[in-house]
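Consider the two complexes below, in which subunit A is the common component and subunit B and subunit C are the respective partners.
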Partner chain A sequence: MSDLDRAIAQLRACRLIPESQVRELCYKARELLIEEGNVVCVDAPVTICGDIHGQFHDLMELFRVGGDVPDTNYLFMGDFVDRGFYSLESFLLLLCLKVRYPDRITLIRGNHESRQITTVYGFYDECIRKYGSANVWRYCCEVFDYLALGALVLGASSGLEPTGPALETTSSTMSLDDSELETEVLNSRGEVTMSTYRPKQPRTTSPLLPSLSQAQPATSSSANPTSSSMPPMRSGWAGTGATSDSSGSYSTGTGAVLCVHGGLSPLIDSVDKIRLIDRKQEVPHEGAMCDLLWSDPDEIDGWGLSPRGAGFLFGGDIVKHFNYKNDLSLIARAHQLVMEGYKEMFDGGIVTVWSAPNYCYRCGNVASILELGEDASNGGTVSRSNGDYNRSNGGAAAAAAVVRSPGRRYRVFEAAAQDTRGMPAKKPVADYFLTQHPYNTHNTPPPTASHRKPMHFCLGPSLA
Partner chain B sequence: MSASQIPNLNTLRRGGGRGRLRGRGGGHTGENDQDAQFRRGGSNPKDRVVQGTDNDASVSRLSAVNLGYLEDPFASALTPPGQETRRLPIINRGTYVRTTTIDHLLTHFFLPGAQTDTQTSATPSRKKQIISLGAGSDTRIFRLLTSHPSLHHHHHHHNNNLIYHELDFPTNTAAKVRAIRGSPLLQRALGITAADPKSVTISPAADALHTPHYHLHPIDLRRLAALATSASEVDLETILPGLDRSLPTVLVSECCLMYLESEEARRVVDFFTGVFSPKSSTVLQSQAQDGDTGLGGITEGAGNAEERGSSAPAPLGLILYEPIRPDDAFGRTMVANLATRGIQLQTLHRYASLAAQRERLREHGFATGQEAADVDFLWERWVPEAEKERVAGLEMLDEMEEWRLLARHYCVAWGWREGEDTRGKVFEGWRGLEGQRE
Partner chain C sequence: MNPLGNKLFGEVDTTAMPPLPLRPKSMAINGFTITTQKLPILKAEPIEKMTKDLGVAPPEMIFGDNFVEIEHEGTPWKITFNAFDALDRVDKSGESMLQVAYSKQWQRSREKTHEGIKDIVKPFDWSYSTDYTGTLGPGSRPFEATTRRIPTDLLKRPDPIMFYDDVILYEDELADNGIAMFSCKIRVMPARLLLLARFFLRLDNVLLRLRDTRVYIDFTTGEVIREYQSRECDYETVRQALACTRDDVPAAMRDPTRLSDFLPVIETRLERTVLKSNDQSESEIESIPLSGPS
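Let's turn to the complex of A and B:
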């Protein structure tokens, strides 16, 4: 067993590795990351994960639900540290896995992978507490500076292979021949709790076809009875599909999926512009790099000021235009707590994936990961040159009109039940009222009532 | 975010180091002192947990003050030494909204014309009273006396317009007496001077303190609950010396009543609504009614308005600050988390919504008005835009959804009854304050 495998085993048990080993690990990780572009290309199948925030036991739960590395190909969209009690164990484990299996795990930078933010939100304190000095914090921050800013997932399939019988479905009444499984939601026991279908798409389409068939709805629906039960937008597709059904040829390919921690920037109108950023630095207070890590989608038109104090808000029109211009079928991002674990917006043009269940041990939310399947229709080959997504400006308009979103499988999971998983009885203090205080973290005895330092603005002057 | 907002790493380092010591050192002397204090309080372990919550409030307040959210020169004098720590930005913002909202309500009680042009008089011409339940280490009295000098006897000896009462466990009041004794700053704010020995009286147990304007009462509120039915005739001087049952009064419960069993919490408020509806006034009232029905002229001829006013039910208001909405995912987690710490918010399920809080105020007889709003609403609607911008600029909030989630689970509720006072309405200033409709 190599040192690295030993370190992985130790970290999986939520035990830290010596400082000298951290230094070596961070050095190796940097060597690896420096070779990556600002936008890493990742082939489907891939499992996309959102914020982790030092919730180590929930990260273990994530691996249980999504499969282990290297069996599953993972893409983590940042915010590994801060807030939770085990930022070090979580981040160092992910980093070990990255060094051990560089092609099976991709890490991109979140707004918390920053010196400034980690000194406010807990990671710095945790390093001091657990290692007695700021050295490890410094090593980690140097790694942060080398993390990629985004990723492009290529070759994702438009339809999913059904997982199995559903608990309850909201699927349409289309026959399986005409439709493909577009989204599926599974609970942590692997049971399907929701699925949606959409009509299949012919391999060769002209952007004009949908509107042509919409102009003849009567013909379309008589030719394809199932289309009457579908939304108007899709009746056109169904008619189109029926027309070319004789060819028996369906495309399962999709546009690329851009993964980024926060969102878009008014300074970035193409994926290529992201590639031009000099990323090897602390996250700046403003500018394109800052925006990619801090911005949020919102129900507005255009751009808006972010209430967070960094980045921007961007509306559905911005997303549609950006996706169209860049041949993207979807933007996957993290950064925002969503109680249901994931949230699709703007007709599925963007999705928020949140992977920290019961965030801060007090929010009561579930988490999710997003699985994108592999498009096997081209024999698994993806048409692209390595490291650079192949787009043609001339064909962009035509292609964008038929870009399909990938089939999306969300695995929803709840916070790990630590007591039943053989973990030390160091249950993190209920963070609702007690947060960054260290009593229950590393090598400290369980607190007594008087030790516990609630941290909340509710608990005011006490009962008289 | 600017460079000036980069936190001072040394401060943070000290914070972490202390935490480690405190966590590991079971026999740390500081902890023993604290335990001893609790024992001296002579209350059960559950009470001790609740008493401990006061410390959190003072530490949170100091954090918000140090970062510029609040101006409060008294915060450090009332926070135990060595407890200084930086809270998370959402906690600081919550402390800010809670504090400024209650300040705002009290300002509009004292100075009905404050910040509005509808009233010509912005000077508190009448004596008014505040009773703070479970006040702990609260700094409000010191801030009120120094920010509204006209309330203060130093400036107008004849114009003693503010009487302020704080009620808390003896453990907590004794700590406050110690803090006042040790701080010339606090003494000055209270008008305590060495030259005038009558300016302050401290009980032999050093857990009660009385000045002409400030009374610190060591008392378990459950004692008052037991007296609820006889409140109108209870001898106040023996239990709450200095309390004037004839004055317009506001009761404040900032995270206090919620720790009581809900029937007890109800009776504590009943005690005060009873205290401010003196028996004699009831008699007088019925006489007045008799007069209306035949014996005319008794009220008019019953002496001067002052006497009449002093025995009528006094105008009374109640301000509550409490968690709400225990039944959604966040609320359920909150209840479960607190339970693991031995804290039960006993009234939470009974007053689970803004509507339930308003109904509670109505049932207590605050008939003139009942309003409630959650902290999210108060931040959005009560904090002026420029001030919002200033506060938002102090620290970067990393997670807005979490803030809204948290802020929607706390509320301020306020209700009032004008009584039968002939000298104008006391709570006119509260009429224009926007509550949340839901």
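Let's turn to the complex of A and C:
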């Protein structure tokens, strides 16, 4: 058993590794991450995860539900640390897994992977508390600076292979010959709680696609809008400005999926522009890099300023245009808490994935992960001409593949059971008052609040 | 028309609820009923409805089903604390809008590159500051201004706690610029109860704000005293004051009770009402001695 495997085993048990090992781990991780582009290319199948926020036991639950590394290929969209009680254990485990299985786990940066934010929201304090100095925090922050800003998932299938068993409430999981499973929602026991279908992509790929007019997508808010209108005359591969397509004609291919922590930026109109950012720095307060980690989609037209006075909001038209221009079928992002664990917006053009159940140990929300299947229609080979790869000319005849959204499987899960946490449950009521009650000598209540601070929650000094 | 129709879509099964108590907690004591309910944050659909009804986007963590309620059995008197009514008192015009610390720097850097983007989307007081002091039920005997204060001495006695709860109504992380939170705590003793409804705002590097509403009820006399107190101070002043103490500054900056010592009072309102039970005569109520603060 290598040191790394031992460290993984130890961290899985929620036990920290020595500071010297953390330093070595962070060094190795930096060496690895520096080789990655700002936008990492990831082949489907992949499981996309949102915010973790130091909820270690819920991260273990995520692995139980989604499968373990390296069996499952994971993509985490940032915000590993802060707010939860186990930011260190969570982040160090993910980092160990990254170093051990670099091709099976992708980590991109969230707005909490920053020096400034971690000093305010818990990670810095946790490092001091658990290691006695800021060294480990510094090592981790250096790693943060090297994390990629986004990822591009290629080769995802448009239809899902149905899973079972279905719950009895599920009215239909049948797969008709001319339809494919577009979205499926599973609970943590693997039971299907919802599924939506849409018509299959016709196999012909003539530029006008006449058959499409008879095969409107199934009525669904999440149906891909591009398949119901005239298909765009597209020739480049997803996420690139390339003008040719090496993919030829196939039926279950989809556009690429851009994964980013926050959202879009008015400074970024193409995926290639993300590649030009100098990312190896603290997250700045403004600019494209800041926007990618901070912005939010909203039900507005165009771009808007957040009422807070900093930060952008972007509307459905921005998403549609960006996806069209970059040959994307979907943007997956995290950053915002959603009670249901995921939220699709703008006709399925963007999805928020949230992976911290019972956020902050009090919100009572469920979490989810998003699985994108592999397109096997080309014999399992992913054809691509992404910016990092070749851009061969597939010829104009192969030009008309419609950008379909990928089949999306959401696995919804709840917070890990209290007894697996190994942390004290909330103090019972009576206990709270017994231990907190400051006035055991009730004959001598403090005349003023000046030095004897009333510890009782309800009594501000003004009352005394 | 789509040949496949809608029937292909499976029924939506709401994903299993987290293991939290679903039924309201309740207790009857000396003619009063105290009820609290704690549920998870709202789902997308109720959030949409609330957004429409409020006219502004609710906070990120919105516990729209939570409430604390005190009901008097003898009269129709009832006071409730719930998220919607608290948020309904948030300024929706944008007139009292705060800006995050780095807003000016951010906007300056944007002036050249994005002249087209000038509109602030739906301006409103996104700090969710509210002066909510509770919702009185219909027909409730109204409060009247008073100088009578909450009898602190009686609350300091180590009486047994019959009922206690701590209920969050809403919370927002202000896009990682601080914290805004409204919570209610209630403590019931054999002869009296005390409720604290607290709005706490920390806007990092800008401001700290505390708005406390305390409701005191004496079961024997039926006297209800409500005290509203607003405290506020700029961030740096408090931080420096804390730095002079032996406190852990970051921890103190998260603790409204600790911070309250450092925040000067901006406004205080005292109100009082007396609830008469059916078996209690008018004269008995009038005879409760009134004593102002000495």
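Throughout what follows, the second predicted complex is superposed on the first by the 342 of 464 C-alpha atoms of A that agree within 3 Å, B and C clash if a C-alpha of one lies under 4 Å from a C-alpha of the other, contacts with A are read in each partner's own complex, and residues count from 1 in each chain.
Note that contacts are C-beta pairs under 8 Å (C-beta built on N, C-alpha and C of every residue); 3 or more make two chains touch, one makes a residue touch a chain.
What you see is a predicted model, and the numbers here were worked out from it, not measured in a lab.
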Quiz item: Now for A:Tyr361: first (subunit B), second (subunit C), both, or neither, which partner does it touch?
Solution: first
Practice problem: For A:Arg129, select first, second, both or neither according to whether it touches subunit B, subunit C, the two together, or no partner. | Solution: first
Exercise. Would you check which partner chain A:Asn38 touches, where first means subunit B only, second means subunit C only, and both and neither mean what they say?
Key: neither
Quiz item: Once the shared chain is lined up, is A:Ser405 touching subunit B (first), subunit C (second), both, or neither of them?
Solution: neither
Practice problem: Applying the touch criterion given at the start, work out whether A:Lys343 contacts subunit B, subunit C, both or neither, answering first, second, both or neither. | Solution: second
Practice problem: Based on the superposed arrangement, let me know which partner A:Ser158 touches: subunit B (first), subunit C (second), both, or neither? | Solution: neither
Exercise. Considering only touches as defined above, state whether A:Asn73 meets subunit B (first), subunit C (second), both or neither.
Key: neither
Quiz item: Counting residues of subunit A in contact, which comes out ahead: subunit B or subunit C?
Solution: C
Self-check item: subunit A residues contacted in one complex by subunit B, in the other by subunit C
Solution: 111-112, 117, 119-121, 125, 285, 307-310, 336-339, 358-360, 362-365, 430, 432-433, 437, 439, 445, 449, 453-454, 456-464
Practice problem: Name, in rising order, each residue of subunit A that touches subunit C in their complex. | Solution: 111-112, 117, 119-121, 125, 166-167, 169-173, 176, 178-179, 185, 187-188, 192-199, 214-220, 266-267, 285-287, 294, 298, 300, 302-313, 336-341, 343, 357-360, 362-366, 412, 414-415, 417, 429-430, 432-433, 437, 439-440, 442, 445, 449, 453-454, 456-464
Quiz item: In the complex of these two chains, what residues of subunit B are touching subunit A?
Solution: 1-2, 5-7, 9, 12-13, 15-17, 19-20, 22-24, 26, 31, 34-35, 38, 45, 47-57, 59-60, 86-89, 91, 94-95, 98, 132-138, 167-169, 172, 219-221, 254-256, 259-260, 321-323, 328-334, 336-338, 340-343, 392-393, 395-402, 405, 410
Practice problem: Spell out the part of subunit A that touches subunit B in their complex, as residue ranges. | Solution: 82, 111-112, 116-117, 119-121, 124-125, 128-129, 134, 285, 296, 307-310, 336-339, 358-365, 430-439, 444-445, 447, 449-464
Quiz item: How about subunit C: which of its residues touch subunit A in the complex?
Solution: 1-13, 15-20, 39-44, 47, 60-61, 94, 97-100, 102-103, 105-107, 109-110, 113-114, 116-124, 126, 149-150, 152-153, 155-158, 161, 164-165, 168, 174-177, 185, 187, 194, 196, 204, 212, 214, 227, 229, 250-251, 257, 260-261, 265, 268
